[in-house]
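Quick one: the structure is below, and I'll ask about it shortly.
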Amino acid sequence: MSAPWPIWVLFGAPVAALLVGYFYCHQRCPERTHWPILASCAATALAALWLAFQVYEGAGWDFIVYRWAAIGGFTVDFGVRLDGLSASVLAMVCVVSGLIHIYAVGYMEGEPGTSRFFLYFHLFFLSMLGLLVSNNYLQTYVFWEGVGLASFLLIGFWYPKESARRASWKAFLTNRVGDIGFILAIFLLLREAGSVRFEEVFARLGNITPGMRMTIGLLLFWGAAAKSAQFPLHVWLPDAMEGPTPVSALMHAATMVTAGVFLMARSMPLLESAPPVLAVITVAGLITAIGAAIVSVSKRDLKRILAYSTVSQLGLMMVAIGTGNLVGAVFHLITHGFFKALLFLCAGSVIHGLHSSLHGAVSAGVDDAGGLGRDLPYTGGAFLVGALALSGVPPLAGFFSKDLILEGALESGHGLAALTFLIALGSSLYIFRMLLLTFFGARAQQRGPKAHAHEPGLLMRVPVLILAVLSASAGVFGGTVARMLGFQPPHFVLGVAVSGTLVAAAGFGVAYFLTMSRPSFDWEWRARFPWLERWLECDFGWQKATDAIAGGGAALAHFVAGAWESRRWDPFTESLATGCVQLGEGLSAVCRGRLNEYVWWMFVGAAALAFTVLLCF
Amino acid sequence: MDSGLLVWGVSGVLFLVGGAFLVLRRQLIAMIIGVELMINAANLALVHAAVRRGDAEGLAAALLIIAAAAAEAVVGLWLVLRRLRDGETAETDSLRELSG
Amino acid sequence: MIAVAIAVCGGFAVLFALLAFFQRTLYGSAFCLLVVLLQVAASFYLMGARLLGCIQALVYAGAIAVLVVMAVMASPPRVKELWSGGIPKWLAWLAILVPALELAGFARFAGSADGAAAALPLLEKQMALLLFGRWALLTEVVGLLILLAALSVVREDAHG
Amino acid sequence: MLLTGLWVAPALAGLLVWGMPSRGSARVLALALSGVILAYAAWLIVPYSAQPGILRLEEIGTAGAFGIRYHLAMDGIALCLCWLTALLIVLSLAASWKGDVPPGYWAAFLFLESALMAVFTFRDLFYFYIFWDLALIPMFFIIGLWGSSGRRKAALKFVLYTFLGSLSLLIGLLALVTLHYRATGMWTWDMAELARTPVAGPAALWIYAALAVGFAVKVPVFPLHNWLPEAHTEAPAAGSVLLAGSMLKMGVFGFLRVLVPVFPELSLAALPVLGGLGVVNVIYGALCAMAQKDFKRLIAFTSVSHLGFCLIGIFSLTAEGIAGGCLQMINHGFSTGGLFLLIGMMYERSHRRGVDDFGGLAATAPVLSVYFGVILLSSIGLPGLNGFVGEVMTLAGMARASMPLAVLGSLGAVLAAAYGLPAFQKVFWGPPGPDSVSQTIGDLDLRERAVLGVLVAGIVVLGVYPQPLLRLLTPAVEALALR
């Protein structure tokens, strides 16, 4: 079946917008760069929704666009594959990024270099699209690194700041470490299955040895762990908050970080054929989720709390993947995209509102933003909706998706179920703590300066409103997502639903107790247990470990380049040359200028020559 | 009577004595004498071989060698005399330019 | 028979070469060189290459040896070891005695059957033909060489 | 006559340019003639595609003494390398337009081009060796006369080091030819015949080692590489472009053209040694690049790293590995050539090359930073640009040959980012240092944008759609693949 034209809109619109944006707007009228980009956002969003509807109706596409490279055992063609998984996630990504683009226009007003910002922003959007609709692993890898590059450029958008530069560099390097796993998996696939196309790989799973399947699965998870900030490689996400808030909202909450989960969902058949990999994913997901939840509770910076919350939620999705619950993972991915983006945008509005008093700081702490409920009622309300969705309070979206994951966990084991409930508790605890401290905490208790915050402009409020509506109503799409993925609509187990809500309520209660009834608790435990704070501050010491590894790498480079190359190996080869020169000088001492000696040496030479000639013949 | 061995012997000794002149004697003119001796030794052997084989080319060569030796002697002596005329000693040690 | 004669000439050549080497003065060495050259000319003659023997005697002994002696005499007297009185008396006598002996021996044995070395007119004729036939170019070159040598010496003195 | 023209034309052009009276006219003529040669090289695709496979054109003259025969031939790999050389010559001459240099400077480049074209097309080992050494002379003068401060030492070290390599190559060739003569009783220097009757026995191993060392010095393989940083640092910008863009490829081309076909089973056995050295090259080059302060030395070490990938590709001896190696050679020419041109332009403006000497250029020279960004990203192998294509195919090829080497090789990808991006951040995003010159650096003018535009266009097109180039390489590569 030939490709419907909206698919070409998916790719054509962003590319056209980028070209027009850079060559026309950026050069001549920088302040209007976002116009072509917003137009392309709208077009792609419509196309994505239409395609999602088609796929819901049962359509599906998997065709090759052009042959990228083919020689010997290496045949790679770039193509498009739209099935239930990619269509649903694509719809979410396009809607959310469209809204965030609009929000960014309001947020970045007056900032220097906004046209450059929008170009990078849309480059990210294009790479994300490419990643979602690709039909083979290598094309996914190409856009995977494209997304990494965009995150490098956007985190380091305010490049005069040293911390922003370090954060962007750290993000790119960690992603690159992950990408090694991904590219190695691709090489193994090329070697074992002879092709990287999803269809052919899953068809030929039979003739790949179990051991090799396991390694490929683990390597793919290693790549996904870097992108989705899972346990060993999550270190870059908290620092990624250095970027502007729309960047954090779009990339480090809703879309980019979910690419890892998307890859896992995409290669589900491969993972299911290697059960140990699923166990590893579950364990890693659990560790990440629980660890991030604990750390998030201790954080004070608005965006850092949300960052760790994202890491925790991604851990939860990985747990869903690990338990083989594809529908739960994908649906949670979609709902998470909505409410996490909403939470970040609200945090952005708060920071934007406090901008005057933050004297240029990029992000605000809970202390600076304490008790803003009265100043920012609208944002407060939206944040409340987001918080309820995240913690899984019915009838909002979070409840439905988290419930699916809880059911999946319950089926695969009580211990696992207990841990997932713990994660749910943690998530409601840290989000309500942030809500209460930021919006409802009494101003007096907060030690922050008396800040006067103002509601953001209309351009920022409309996307927040739409996202709030979506976060509230996305629960109904559970059935559609399941059908698109080819599963029966989920049936709700009453017991799990009730216990989920109770856990959310418990979380709220503890948060209320810690922040409202004993407001000074936040500072007391830091004073009494300084070691605990330091320990939590650097992710149980893992941040230090990764920095040490990076430092070790740099030291190795300096050793190799300095001590070995320029002080031992180079002088050694040059000493060979100077050695010859000395040899020459030594020999020249023989000619002391006496004529007779020269003649004597001539005789000796002639005699020796004659002798050798006689000897040889 | 194999005069061959004898003539070879004579020319060999003559050659060596010429060589001794060159290597051991200090004066430049002695070296020239040495060279003359060596050329003669070679010529003697050459002519002897040419005569035994009845090969005219050898004789012709010997003749040319004599001519060449003459030219060489002239130039050699002239160089030495020019050097002596400039007030230098005829010692070989005075020629130091080539020392390493 | 001839071999003995050649042997005698060779012996004397070697004798005088050694004498030349051990002479204190260059003057003596030059003189002994003259004698050696003559002995070699005699050997050529005895071997049969008569023309070559004469040329050797004429050119080499006559010209070059004399040239060397002249050079020795021309060098400034202040160079002590060159000059210091002529050649020792015994050497002079010896130099005269040796040719005399040879001439005597030659005369006595000249008449014997294989005495006179079979002159090789044919060989020498071939040599002459060769020199001005195939090797004409070479002879011209050597002639030119000698001319050059002479010219270079002359040129220097002209405006020396 | 087609192929003879390819290497004779630049030589004649060089002579013509050398003879020009004024510097201005020499410069203009040089650029024009190099443009003509580029057009001619490009046109060669027409007769080439008329007869696919190896375009065996020039077999003039019978075997002279010792079987030396004037035998030229052009296949896919040689054609691509000639295109690359011709293009880089035009670009580097255009880039060094402003330098006040005598006509000899332009002539040297044209002579270099002629020698390179000859090396790439000659099939007779004798002529191959002659032009292999001849190529050093013009580069010696380019570095020696028009380099920067320490040029004499660098030029001398460069020439002596590579001549030692050529000596080992010569010994290997002579031994090979004589052994071949002993085996078959026929003197020949032709690669094809030498390949037909392989030399067996322990001697073959020694010959293989001698030839390998000869080529290894030219590709800087790990232990024999330290002439490269100095040669690059001291060479003028255009000189470094040619040195990195084309001359390093002579070594890899040598491996490909001489070693693999003549000693197939030894090359198969040499995988751990030479493939391993390729991996060491990648990692060592990247590590050294990370710690460099001088920009040119940094780029020089990246060349060491990139050519490590070529080695990995070639000694995997799989079709995609060798094709990846060839692509990597061409891509490296584009990206490193571009980087050297850029550094040359920055040096032209500020007479400084240190990474710390610049700062905050993104604000003062936006166009320069965009070009630098794209070319640097291609150099560290960002997918979508051309650097990635070569790396992926070489490592995929090696994965089929030996997985551990492929794993180590792909470590190079991380290290590539480790040397590329910090330098970019420091120069373009970092704060302007106390004495840094970022304020005085003006943006690129039209000529420079055109030169870099060509390179960036090549980088993007080769990155997005490398298949046509691959189709050109396939016949030659398939002939070489053994695994």
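Going by the order they are written in, the chains are A, B, C and D; count residues from 1 in each one.
Just so we're on the same page, a residue touches a chain if its C-beta (ideal position, glycine included) is under 8 Å from a C-beta of that chain, and two chains touch if they have at least 3 such contacts.
Bear in mind the structure is a predicted one, so any value in this text is a computation, not a measurement.
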**Report entry** Mean-CA-position distance for subunit D and subunit B (Å)
**Finding:** 60
**Report entry** Between subunit B and subunit C, centroid-to-centroid distance (C-alpha), Å
**Finding:** 12
Query raised in the report: Just curious, how far off is subunit D from subunit C if you go by their C-alpha centres, in Å?
Result: 71
**Report entry** subunit A-subunit D separation of Cα centroids, rounded to whole Å
**Finding:** 37
Report task. Name the graph shape formed by the protein chains and their touching pairs; answer line, ring, star, complete or other. Result -> line
Query raised in the report: Pairwise, which chains touch?
Result: A-B, A-D, B-C
**Report entry** In the complex with subunit B, residue positions of subunit A that touch it
**Finding:** 588-596, 598-600, 603
Query raised in the report: What part of subunit C is in contact with subunit B in the complex they form?
Result: 2-4, 6-7, 10-11, 13-14, 17-18, 20-21, 26, 29-30, 33, 36-37, 40, 43-44, 47-49, 52, 55-56, 59-60, 63-65, 67-68, 71-72, 74-76, 79, 81-82, 120, 123-124, 126-127, 129-131, 135, 138-139, 142-143, 145-146, 148-150, 152-153, 156
Report summary line: Per the touch rule above, subunit A residues touching subunit D in the complex are 66-74, 138, 141-146, 149, 152, 156, 159-160, 162, 165, 168-169, 172-173, 176-177, 179-180, 183-184, 186-188, 190-191, 553-554, 556-558, 560-562, 565, 569-570, 573-574, 577
**Report entry** subunit A-facing residues of subunit D, complex
**Finding:** 157, 160-161, 223, 226, 284, 287-292, 301, 318-321, 323-324, 360, 362, 377, 382-384, 388-389, 392-393, 395-397, 399-400, 403, 406-407, 410-411, 413-414, 417-419, 421-422, 425, 428-431, 465-467, 470, 473-474, 477-478, 481
Report summary line: In their shared complex, subunit C is touched by residues of subunit B numbered 1-3, 6-7, 9-10, 13-14, 17-18, 20-21, 25, 27, 29-30, 32-33, 36-37, 40, 43-44, 47-48, 50-51, 54, 56-57, 59-60, 62-64, 66-75, 77-78, 80-82, 84-85, 89-90
